[in-house]
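As structure tokens, here come the structures.
Across the two complexes that follow, chain A remains constant while its partner is chain B and subsequently chain C.
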Partner chain A sequence: MTETDIQLDHKGRLKHFLTTEGLSRQLLTDILDTAASFAEVGGRAVKKVPLLRGKTVINLFFEASTRTRTTFELAAKRLSADVLNLNISTSSTSKGESLQDTLHTLEAMHCDMFIVRHASSGAAHFIAGQVAPGISVINGGDGRNAHPTQALLDMYTIREHKRDFPGLRVAIVGDVAHSRVARSQIHALKTLGVEDLRIVGPKTLIPADITALGVRVFYDLEAGIENADVITMLRLQRERMRSALLPSEHEYFACYGLTEKKLKSARKDVIVMHPGPINRGVEIDTHVADGPHSVILQQVTHGIAIRMAVMAMIMGAATESH
Partner chain B sequence: MRAKREPVDNVAALIDQLAGQLQDWLRSNHISEPVIIGIHTGGIWIAEHLRDKLKIAAPLGHLNIAFYRDDFSQIGMHPHVTPSKLPFEVDGQHIILVDDVLYTGRTIRAAMNEIFDFGRPASICLAVLIDRSGRELPIQAQAVGKTLKLKPEEHVKLSGPEPLALEITANA
Partner chain C sequence: MRLRIRNGHIVDPANGIDAVGDVCIAAGKIVSVLAPNPEFTSERVIDAARNLVIPGMVDLCARFREPGAEHKATIASESKAATSAGVTSVCCPPDTRPVIDTPAVVELIHQRAQLNNTRIFPLGALTHGLASERLAEMQTLMKAGCVGVSNGIQSIPNTEVLRRAMEYAAGFAIPVYLYPEDYYLRNEGVIHEGATSTRLGLPPIPATAESVAVSQALLLLEQTGGRLHLGRLSSARSVELIAAAKKRGLPVTADTGICHLHLCDTDIGNYDTSRHLIPPLRGHQDRQALRAALAEGVIDAVCSDHQPHDDDAKAAPFSETESGASTIEVLFPLLYRLVLEKSLTLTQAVTAVTARPAGILGIDQGTLSVGAEADLAIIDLGRSCTVSREQMLSTGKNTPFTGWQLTSQVTHTLVHGRMVYEAT
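And then the complex of A and B:
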């Protein structure tokens, strides 16, 4: 079964959440609406609702992450679930235990949901195919493939500022080739009705077949963000320098770093997003990252509401079908 | 199966009666500045009228107990939940909690749990338009518009907000 097929149950509801690809506009909108109702919980004296009381969520992280793991953890805790954080790279696998054995061991602890982060594309899909029927899997980022909750918190942030998607001019800037965030964003933005979607970056970091997804490619930053309503900057992964895809960080910043001067070619009310962690002075200038157009910290806050929504929708559907 | 429908009394008169009982309650308990919270959706409609009649200064509180229901595991997640909004400090406050129909008592239990997640009120009293039979928890209202003895297959429903109307339906 494909990722898209395996993540929906027979009634078309989320069973796993692996990718934004192939999900309907209605379902994406439902997730955003549900997140909007959870957003208020973060402002309470007791930041908790009892929805997932007694459920166990396991953060299964095969790759380092701070913000994704902590916001998933907070989201689960605000729904009153119990959370276990497992950093697998420093755990059993280093003692030679296979992935399947690790999964079965965790299943024997009667958990209800895995949040999976892995360096290999397809890892979350693979695990979703392996787990017992009562367990759901959420993809917290797999290789270059997908990072669906990040894409949805970006959609939530855009909707907060721009209301509706059709008619928006959106530019995704940077290392698109290695970015699971970009891939998930493109699918979500297209499904939600964005027609003017631009990909901006150096030739070596843009996949040749990307136009098949209905985007336009720009190699010049100022041309690519002209009149943009939304700019999302991608993190430049430093290891790309070593692989000789780029000459130097300094030169990258000169061409593709977002500065206040370059930002002038966008619309006056443009919002600037970044999935984090940011490299100041590499893909984004400090004055832009902290400036009036930046919504980077709002994205983090929205991430908690989105992750609460996805977990609650999945658990709601799962318990009902039992 | 055809549903049998019959209208119930004049809702405005019931609200007047509720307001009178609440005034007595507030006076005998020496409460001068209560706040008022309606439970989504029918309770909010009633609470708006009561707030006017009791001349309560604080804005109306909205409570949506969707995240506190004890039947989440049976009915799942509803995608369109209007968030709760309590635009005042809950700590130390005397609260009038308003719902349209008091039935099993589960909604009120959930509502009290939610209120306590916002703070520790000084007191809560309950006002309901209709107190119908079928209680499953030890919960009772301090102010009641009308008491109805209904069979389990009979339902009483408030429609509104304009005009407010009560209707009993029964599966014949």
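And then the complex of A and C:
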């Protein structure tokens, strides 16, 4: 089974949204365009459209999250859906309930959509393969595999600033090995036409054979971001220092922390992105995070529009098929 | 029963036989092979014309899940599966629950085996409880009927413990069966490290997790002496190391699992948990190297590495599922596929599941010698079938080969001259 098989219905419309891998350029562009039409809803006095009225969306979070969960919740509410937040890491699984049983229990409550976050790669695929035919699954991040709505809000942000993708030089910097954001970004950027895509980080955090995904690898930050139009910084989790991958935060920041000085090797109009939450002084200097090139807070705003777009497109296709 | 198997294509590598003729059996033993033997009176004659007649297969690694995991399978259920596939002898690793580190467990397995039709040759524990800390009572276990010692798939992180275990075993001429895996390089990994692990974002196991352990074991073997069997090799580099060691005359043998001769990491597709195996499925080049090594005799034998599971064990996100595949029923058809693909000759394929594994285990099976136990399989090479969970006899339906069209089907299996399986 290919990625596209499970994600699309027989008319090629989104049924689940699990990964950016294998989706067409047209479909990705459609999502960005739909998001653009929702972007103004947030600016209204009454921030609601009735597209998902009567639908029930369950935020099924097996792993802690603040911004992803809240932006999905806001997006669903702005589409007039009923939203239920379930933090499973502190309930069922700790009582020994299997993932399958949790799913079947929730299905029995007649919901329409699961937003899933899970610590295991492939969890969203697994859940999409398990749920009843009428239920759609959106991946809110699974292990190191994918975080497709994050990648698309990043694409949206890039398009806002750079108009189009071909010809851009994009650098993804940091802990690529453990990053679902990086993987989803790579697939989306390649599909949207970015040819000069760079991965920058210490060798211990660059996964094996990543060049198979069509990227170039740099172990030197300044060389990697030279003349870049877009830089995405990845969050570095502190536990990496304890696992023989890195010597210290100090050395990491010295080598890979994005400072104003290092940023000079990029293009003058470079934008700096970060999926958050940021570690100031570890992967990014405060002056850069809050500086004129940073679009980090715009990314959060765009996240709501992207999530509205994905939910609306999936529900639109589902309603039409019934 | 006095039985004549008539006009079969007999392949018995131990005796260099590859010819058409009769096999006569009486009192559980082989009475004559190839020779017309006209004075032999038989109660039954099986016409094996156009069929293959081979020694009952000897599987170097199969888990029948008893004792300890009877919800997955039992010796009774898996014996049926094995005999239907022409496998009449299996070697089982000591990682049962309880572990095979006391004579009582050996006795229990032997008792269960006697009630069923497959001969089971247990390996005793190399370290107590397989905890890799202190030595198991190896000599006691051998006296109780084990054919060697092993640490199952638990690697031994402490090289001093490994050295002493090998050394102690060598002193009693007990063969040591190791699954080569470096504890630290394995880490939390669940899939071969490469483009697929990167694409799927699954914790990787580098090929060096195996090759480092292989070199370590080979170097220690030089020092300790004794006999070493390395089980379930998966990588090209390991094969090279073993080839070099054999060339230098080290007493080492090796096997690989049948899945690794057919599948690669890319076949995991999008988290196909039926292909979650340990050792992990590796790259295309590794698979080619394993095939070549088998043909060259660097890899001596092919085992099923049969691991039946209940459905729940495979129904979860990939890294949370249990590893292993239910494979004993496709052992021969998958080997024969390599013959059809011209990777192996028929004799090489049969050798890898009869004479060589029997030789490694030091048992009398795996041959059709006159006077030997009449364990044999008759195989129709013209029949084919599509693998599906419905037609599997193993209670573990976790096959990674669903939908594969496989050629060859066992029509009769004999153990000690008794018909233990006959296809309908």
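Note that in this section the second predicted complex is superposed on the first by the 320 of 322 C-alpha atoms of A that agree within 3 Å, B and C clash if a C-alpha of one lies under 4 Å from a C-alpha of the other, contacts with A are read in each partner's own complex, and residues count from 1 in each chain.
Just so we're on the same page, contacts are C-beta pairs under 8 Å (C-beta built on N, C-alpha and C of every residue); 3 or more make two chains touch, one makes a residue touch a chain.
The structure displayed is predicted, hence computed values, not measured ones.
K.L.:
Chain B or chain C: which reaches more residues on chain A?
P.N.:
Between chain B and chain C, C touches the greater number of residues in chain A.
K.L.:
Looking at A:210, would you say it contacts chain B, chain C, both, or neither? Reply first, second, both or neither.
P.N.:
It touches chain C, and chain B stays clear.
K.L.:
Using the touch definition from the top, say if A:126 reaches chain B (first), chain C (second), both or neither.
P.N.:
Second partner only.
K.L.:
Report for A:313: first if it touches chain B alone, second if chain C alone, otherwise both or neither.
P.N.:
Touch status of A:313: first partner only.
K.L.:
Of the partners chain B and chain C, which touch A:98 in the superposed model: first, second, both, neither?
P.N.:
Second partner only, chain C.
K.L.:
Of the partners chain B and chain C, which touch A:146 in the superposed model: first, second, both, neither?
P.N.:
second
K.L.:
Is A:40 contacted by the first partner chain B, the second partner chain C, both or neither?
P.N.:
first
K.L.:
Considering only the contact definition stated at the top, list the common interface residues of chain A for chain B and chain C.
P.N.:
The overlap between the chain B and chain C interfaces on chain A is empty, containing no residue.
K.L.:
Note which residues of chain B are touching chain A in the complex, please.
P.N.:
64, 66-68, 72-77, 79-85, 90, 113-114, 116-119
K.L.:
Touching chain B in the complex: which residues of chain A?
P.N.:
30, 33-34, 36-41, 44-46, 48-51, 312-313, 315-317, 319-320
K.L.:
Quick one: which bits of chain A touch chain C in the complex? Just the residue numbers, please.
P.N.:
Interface residues on chain A, with respect to chain C: 1-3, 6, 21, 98-100, 118, 120-123, 125-126, 130, 142-146, 180, 183, 207-210, 212-213.
K.L.:
So in the complex, the part of chain C that touches chain A is made up of which residues?
P.N.:
So the residues of chain C touching chain A come out as 193-195, 197-204, 206, 269-271, 312, 315-320.
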